[in-house]
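The structure that follows is given in the form of structure tokens.
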Amino acid sequence: MQAHVTLGGVTKRFPARANGHAVHALGPVDLTIRKGEFFAIVGPSGCGKSTLLDLIAGLLPASDGRVEFEGKPIGSQIPDGIGVVFQEDACFPWLTVRDNVRFGLRTASVDDAQRERRVDEAIAMMGLSEFAGAYPAQLSGGMRQRVCIARTLVAQPRLILLDEPFGALDQQTRLLMGDEVLRLWRETGATVFLITHALDEAAMLADRIGVMSARPGTIIDLVETDWPRERDSRIVERTEFGAITSRLWKRLRDESLKTMSRAPT
Amino acid sequence: MTGEMHRWRNAAVLVVGLCLLWQTAYWIVGDVALRSPWQTLRFTAKLVQTDLFREHVTNTLYAFAIALVIAIGLGLAIGFALGLHRLAAEAAEPMLVALYSIPKITLYPILLLAFGLGMSAKVAFGAIHGIIPVALFTLGAVRGIKPILVKTGRVLKLDSREMVRSILFPAAVPEIFTGVRVGFSLTLIGTVLGEMFAAQHGLGYLLMNAISLYNIDVIMSVTFLLVVFAAGVNAVLLAVDRRLHFR
Amino acid sequence: MRKVTLVQISIVAALVLVLELLCDTGVIDKITMPPPHRIVVDFAKLMVSGKLWPEIGKSMGNVLIAFVIAYVLGIAAGTTLHGYKAVRDTLDPLFATYYAIPVFAFYPLFIVMFGLGDGPQVLIGILLGVVAVIVTILNGLDRVPPVLRKTARIARLTPLATALRVTLPFCAPYLLGAAKLALAYAFIGVIGSEFIMAKNGMGYEIGYAYTNFDNATMYPLILLILLFSIVMNGLLTHWEKVLLERRGIQ
């Protein structure tokens, strides 16, 4: 499989703010994400997972090293073909579900008929057809998150970045949303990069899992799950699932303890 | 929408209650100082048809309109400019709040010295009442925009003009509208107040003039009209405000 | 925080300097406004001479009376109203539109009803302030988390004890906010009324100085009112902020 995203020696430092010190948030990180794979990152809080995602998305420039997407370095421009779903509710409260999703095609060059078709498809794909005319305030948290996913999908991205998208949802909804994401991954054929703090979620969803150390985060382990492409949440019943989560926790436990014993910043 | 109906019913009960209070006060105090609601209504009907009244009302409305445009225009500009820069916003907000609490009528003599007696002073006085709430609310609105919405805009690769037009502005509108609503009321109060202190035209002048002539009918009618106008417009603006915030 | 204060001080200093320049070069003529340094000198002279102390005292006294009555009435009315939802809902439209109404328009009416003494002025000050206090304290009481009330019940506190030891302490920032508003409105009401039609007091003196082109008296008086208003507001705001920060609210 060819490389879709390459990170070589990437570090990120944040300059000192008032009353603070400069923060070495991340790196050095060397990582290759293959085209079409489902890659997850787990790590203790504050290790720089979200910063890593921001770097890949082009939202932040790297302090050192290079980040490449489809062979081209990512500068300050956000590359074409990348979609991002955040943890917080990013729905525009003044637009209906349909208008929110349509917004995802704002900078795309499609004619009106094609636009409406793609919007309808994305809405249907996320099971929102019944609520297309509703406002986000009328929907539950899980449904609002689905609207954000639809808005990302409508642009047909080749790389989908998910920054703890289900963090705000309850466990049952999370498992079902996990199934949804797997389905979308198969149907769109996109590369998926997921950040999560839930080990079972990573173990269930991903082809490969990167384990990050405490701040400054580096990749300390890469776990291959060898799951078949046609999988869903019932994979948790397999014995290998337990082995994978144990391995993740074994690596993470010490790192998390390191984070907990640090004074609050 | 029984919530809305409840509000209308409450408002109606309130109005009836106030009228009863008014009538009772009239019975106690008598013609020497008050007029009854009915008498006031009849006199008002006659008053609004006179040329004298028309002239003064036009004067007030004209001054008010200009003051309002200035207050909203400048207020929005200041609020936006400050809202977009963190340090400026943090520094300016307490200062604006301090300005908000000073009795602005103390500045009126200065305005009169600067602008002379007449329309410009009135307009300036009305405007300074309205400009601060508009600026403060706009400032708050811009700073209150959820960062995740801005981040979404960046991910969707919007340029700055698009960002302002399709994200920043719609997100800030509800709060800005509240500022405009408050600014509307305060500008009206400022304009009329200015007329009460030193003017030869306008409803405020009419009011003060009526005292020296001991013309209770005029006092009651003009007061009544001002209250009804101010409360009425504000009620409408409030309804719009509520709808905007419900989203 | 300190950087912000620096910016604020520089802005004020810059404004004063600009004013000074405009006045000294004659862009703003002497009849309109004397230069800031002149105003400060006149201010000192006025304070030292004691000529207007009676007027200042009278106005401030009325402001204080209006403030106290508006505050006490407002808190009492607000806490009572909080328990009677039906009455509160009926009065809600009044509270919502109250500050749109030109309360000063009632001043002539009050003069006709009560005569030309201090009464109408204090009354306007009270009327302006009382609703702000009521609305603020209602807001505060609304926000008492049910879990705190439940805690009080489990601890078997009487209603009075609950109010004194749980609800009102919780609402302390709102009590302060209400005081700020009551004071500001008392000021506006009393001084404003003195401007429009009174025979004495600071507002009247400013108007009198204006008609007599007496900038040496007028500007110092205006400065005094501005200073007092800003200082009082600043002190109460600072206190309020300390309270809020202690609770982790920004």
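Just so it is clear, A, B and C label the chains in written order, and each chain counts residues from 1 on its own.
One rule holds in what follows: a contact is a pair of C-beta atoms (placed from the backbone, for glycine too) under 8 Å apart; a residue touches a chain by one contact, two chains touch by 3 or more.
This structure is a prediction, so every number in the text was calculated from the model and none was measured.
Nearest to the overall CA centre, using the mean of each chain's CA atoms, is chain B. Summed over C-beta pairs in contact, the chain pair with the top total is B-C. With every chain reduced to the mean of its CA atoms, the largest distance from subunit B is reached by A.
Averaged C-alpha coordinates put the centre of subunit A at 52 Å from the centre of subunit C.
Subunit C has its Cα centroid 19 Å from the Cα centroid of subunit B. Averaged C-alpha coordinates put the centre of subunit A at 48 Å from the centre of subunit B. Shared interface positions of subunit A, defined as residues touching 2 or more other chains, are absent.
Taken residue by residue, subunit C touches two or more other chains at 3, whereas all remaining positions touch fewer. Considering their complex, residues 6-7, 10-11, 13-14, 17-18, 29, 33-34, 87-88, 90-92, 94-95, 97-98, 101-110, 112-114, 182, 184-186, 188-189, 192-193, 196-197, 207-208, 210-211, 214, 216, 219-220, 222-223, 226-227, 230-231, 233-235, 238 of subunit B touch subunit C. Partner subunit B is touched in their complex by these residues of subunit C: 3-4, 7-8, 11-12, 31-33, 89-94, 96-97, 99-102, 104-109, 111-113, 180, 184, 187-188, 191-192, 195-197, 203, 206-207, 209-210, 218, 222, 225-226, 229-230, 233-234, 237.
Considering their complex, residues 146, 148-149, 151-152, 154-158, 162, 166-167, 170-171, 173, 246-247 of subunit B touch subunit A.
In the complex of the two chains, the subunit A residues touching subunit B come out as 57, 59, 78, 82-84, 86, 88-90, 92-95, 103-104, 106-107, 135, 137, 155.
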